[in-house]
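The structure follows.
Chain nomenclature is as follows: A, B, C and D, assigned in order of appearance, with residue numbering initiated at 1 for each chain independently.
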């Protein structure tokens, strides 16, 4: 599955970039994130309980940040496994400074989904993925708003 | 394909059900008709730790006229019973029309009206109709209840505002004014299958055959049922001419929907048929309104 | 012979038990003490196995044992080559990489078995999946056939230089020379869909080892019980006499149930022997999609060369065939494609090249239609394209090139799945086609119906195609017929039955030959202790081969009946005749002797049986044909399509079929109608889709769309055009009919769709079309 | 999660059964393996093929999408309640006469769908029959002869009246 999109953050690029390196922020933004632990500078371990309608699936996995070019771009590698299957995704994230203390995040990526989720859950995957991205960005907006305002 | 084990509760009253849901909190899940849930459980895609079965709560199953001439439908009323209710036939032919597209007869026998809506499947007919008709949803939890507008109930694919400790108890359908026509059309690959696109509409005409109200919902072309604004904007106050309806279709397709490509249809195809279905649905709804609904 | 039953629409003897739930399918068999098996299957399509740790699973209450590949020790080995490639084709290459029972070191398709859990219930066995730790190193998957064929591709089997499973070139005449004389040469690339057999009953297997008697009893939903017996014997080092395979009633086969050497039939007998407990495995629907074999999935690069007047000079086809991760079933499917591509028309110069590719997908083996559909589709499409190019009607072009009665039998020069040169034995190919045009009223459609519909803004189209169905291939089948002292007759064979009415049709042959009531004939199929020779149920061969053997055995029994009666009554044999259930003397109907009595006389308890005489009113016969037979026919279809939604409706369908002599036209119609529904499903609904990572993304009936009652033609006519053939390839002149229906719907529907849009440049290059795909094609047109 | 057993009392084909079941036990498995009523078949376990169709309080439903525990206090009918091999139900007789079954695996599901359908629609059109059986998949027959059988049963039923 290919993913692609963009989101406009109302904060300077450095702040947005920093947020993407903060496990607490990322953990709080992903719906169903039960645990997110920083292993080292660029590796996190996570436990995720996704609950979408009838589907409830637990995933454990890790998140790796690579090719970091602060504050311009970063590559996220996500690997998760659970009873319902596995997800392996690579996301290329770019932060564009639009001035005026706004940052345009652009992402492209590819997710490899396997197991039961892929074999019988096709109908749900796309809409659920889209909706999860939406939720993540909404939550990040909120986090940003709080932090940015505090500063 | 056997489900995982779970704690099972079979309350016999609404209060008992709410107590149980309150106790279970996040772990609890309501079992209504189970026609989507149990299938997902058999695949082990769904692994709820506790089920609160409402099938032994007879007080949740009814179709009752309301004082204003509408209907109140209990959440556990089987789709089959809604489909065959004389009260529904009299007031809301749209529900009858849409019912025959909902899966297959055996599923409608067991599946429930409220369960289907709370399931909020983007390709589900009843969630879309609940948005279109703005059914008033009564959501109960232990010691509390709240009403939510049908158009605010669904917040994402398979997601509603109903919290795990809550349950959808009733849906209230407001009566339609005179000279209201409705219609549901869909394109699916097979009978009873998921629609690649579907459109339902309700049009009310005034005595001069101008639109007093026009509502339309677009299904399977976004993450949630899409309540079109264009139908109202363009049609209300005007004669629902072919040109006006085509304009609604054009704008709805270009500005309101966000179809995806999947195994069964490309996004482009979905756009194309949605345009066709909007025209067909609105045209037919207008015709029916002219005939008195 | 009085033909009281043969050729008549006799109602089935098995029905009343099936209709009332009184027959047993595999899952209906409960063996005392049985345990349940569940297979943990790989989520990955291609990966190296780093570790599989099942130790936690063993701690779960109710779990009895868990096995991974390592636990099988030396018992683990790749399975046998179930169908070897023919040796007769010069220069052909075949790399055998046979199925492994359970993945070891490397996973080659999603759904491949990683561990076997044995538990007190299936529910618990599935629970244990969560306890098993699987650690793998994923590899890129080979999914695309053409890319997979390239030398640069990732390898499914590391020890091979490429993913080439087979390369076979067959040529008749000289295509390249013929092409030089052509006025028109057309090349196209076409895709053939990947479909599932999707029998309503999934597979199932019970292995029960009896330690005391040292015997293995197996109940299996298999099309080939004797093959299972042989493979278990080989695998466990047991004598075949120690293994008893029973095929109970089977809920449909359609091809894949002929497979052996899958995890169930290799591992479960071994486990049963280890644990000394019966082990039952019932496949679920998701497993059936993931891990039961499927078919089609070819990419054809075709070229047709013609004269201006429409004479076909030659045909060339280089096609990629997906064999999946292993190729235990050899080349049956693509060889069928080759023989069928050439089968209908006069094609003096023919070149066909199989490029069989290993991919990270489930293994491909025959599914109803089995390679035939693909060949017919490729050829019929090319004829359509040629007709457009030449400005000749597709009907006239076909009529011009279809083989005529006097051209048969025809040796096509192409070697087929039965390893011998394909011979088109008989049939009126042109006559079938003309009959089809007549019944569907082609002229009226063209002159009245279509123009009228066009005026009304509706789109309707017609397609009429020709097809053949290679049937009745060898090697052989046999049976034994026994008359009991009660007068009841029993027939047993090595065949197994999946709904083809064997209990009725073979009884019809026997009842006529022995002049007994059909109700007094009991047909036993698929029990290796009853009859131990034969190949299995496949390739539309039951009626022809078992039917012929039945006929031959019945004649032997009949002869014994007469000789026994002659001695007893002291009347010459030619003065005797069969009255119902007895022998009587011609002209003296009161002098009779019941068959039961004769059976007792033929097996005396005292006295002397003359040398050379076999006891009992019993006989065994075998029949093996010199080569397969070829059924033939034509199909016409009228399709209407909503131009705005691109949803097609099959308004009318006519099938003309020549399946040779019919034992029972009711059953023949049932076979054809069922095949047609599968052909329609394959064309408009069904499709197995593997994503670029080798995940099967259509593993449920939510996404794999089975044809439903409302998808069937609004009107369907079946016409039997059984031409008395000059050449009878078997004693009864039966060709076979099991797969015919599934073959022509694809090209017929596609031709009709193009016809509905004949004012556009619509050109359909694949055999499976959703409305969305039709829409996308129309955008390009 | 508990492996608790729930006592249930179910009436199947007029016979009352008392059993103890795990909550997760599917009604299809309960009928087949606990009660030994093997005529109800399991083809997909996700509610599409229809082989497991039974009558639950008179209505045709999928027994793979109901838990056995939910049948407590309810009345169920399976194919075993129709006819016997010696005395077929009229619809079974029509299936036999019209060759409306081949492998027979889906057949009980069709019968259990069609028996109440014919009671509600004694004179159905072909199209109505097709719609009524769209929730049942048959891989063998192509449905043609099933539709004929239903028409045959309907015709004989109205003659008898």
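In this section, a residue touches a chain if its C-beta (ideal position, glycine included) is under 8 Å from a C-beta of that chain, and two chains touch if they have at least 3 such contacts.
All values reported here derive from a predicted model rather than from experimental measurement.
Undergrad: Sort the chain pairs by how many C-beta pairs are in contact and tell me the top one.
TA: Chains joined by the most C-beta contact pairs: C-D.
Undergrad: Relative to chain C, which chain's C-alpha centre is the most remote?
TA: Taking each chain's C-alpha mean as its centre, the farthest from chain C is A.
Undergrad: Based only on mean CA positions, could you tell me how far chain A sits from chain D in angstrom?
TA: 48
Undergrad: Please tell me the distance, in whole Å, between the geometric centres of chain B and chain D computed from their C-alpha atoms.
TA: 29
Undergrad: Round to the nearest whole Å and give the separation of the Cα centres of chain A and chain B.
TA: Each chain reduced to its C-alpha mean, chain A and chain B end up 31 Å apart.
Undergrad: Where in chain C do residues touch at least two different other chains?
TA: Within chain C, the residues that touch at least two other chains are 123, 284-286, 697-698, 700, 702-703, 708, 710.
Undergrad: Quick check on chain D: which residues sit in contact with 2+ other chains?
TA: In chain D, residues 22, 24, 45-46, 131, 134 touch at least two other chains, as defined above.
Undergrad: At least two partner chains per residue is the criterion; list those residues in chain A.
TA: 83, 116, 120, 122-123
Undergrad: Which pairs of chains touch one another in this structure?
TA: By the stated definition, chains touch in these pairs: A-B, A-C, B-C, B-D, C-D.
Undergrad: With touch defined as at the start, can you tell me which chain B residues reach chain C in the complex?
TA: Going through chain B, the ones touching chain C are 1-5, 43-44, 187, 189-194, 196, 263-266, 268-270, 272-273, 276-277.
Undergrad: How about chain D: which of its residues touch chain B in the complex?
TA: Against chain B, chain D makes touches at 1-4, 6, 22-24, 26, 29, 45-47, 50, 53, 56, 59-62, 64-67, 69-70, 72, 113, 117, 131-132, 134-135.
Undergrad: Of all residues in chain C, which touch chain B in the complex?
TA: 122-123, 126-127, 284-286, 644-647, 685, 687, 689, 697-698, 700, 702-703, 705, 708, 710-711, 770-772, 775-776, 779
Undergrad: Which of the residues in chain C end up touching chain D in this complex?
TA: 11-12, 14-25, 27-28, 30, 123, 198-202, 249-252, 254, 284-285, 498-501, 666-667, 669-670, 673-678, 700-702, 706, 708-710, 712, 716, 741
Undergrad: Can you check the complex and tell me which residues of chain B touch chain D?
TA: So the residues of chain B in touch with chain D come to 1-8, 10, 34-35, 38-39, 41-43, 49, 51, 53, 55, 80, 100, 103-107, 109-110, 190-192.
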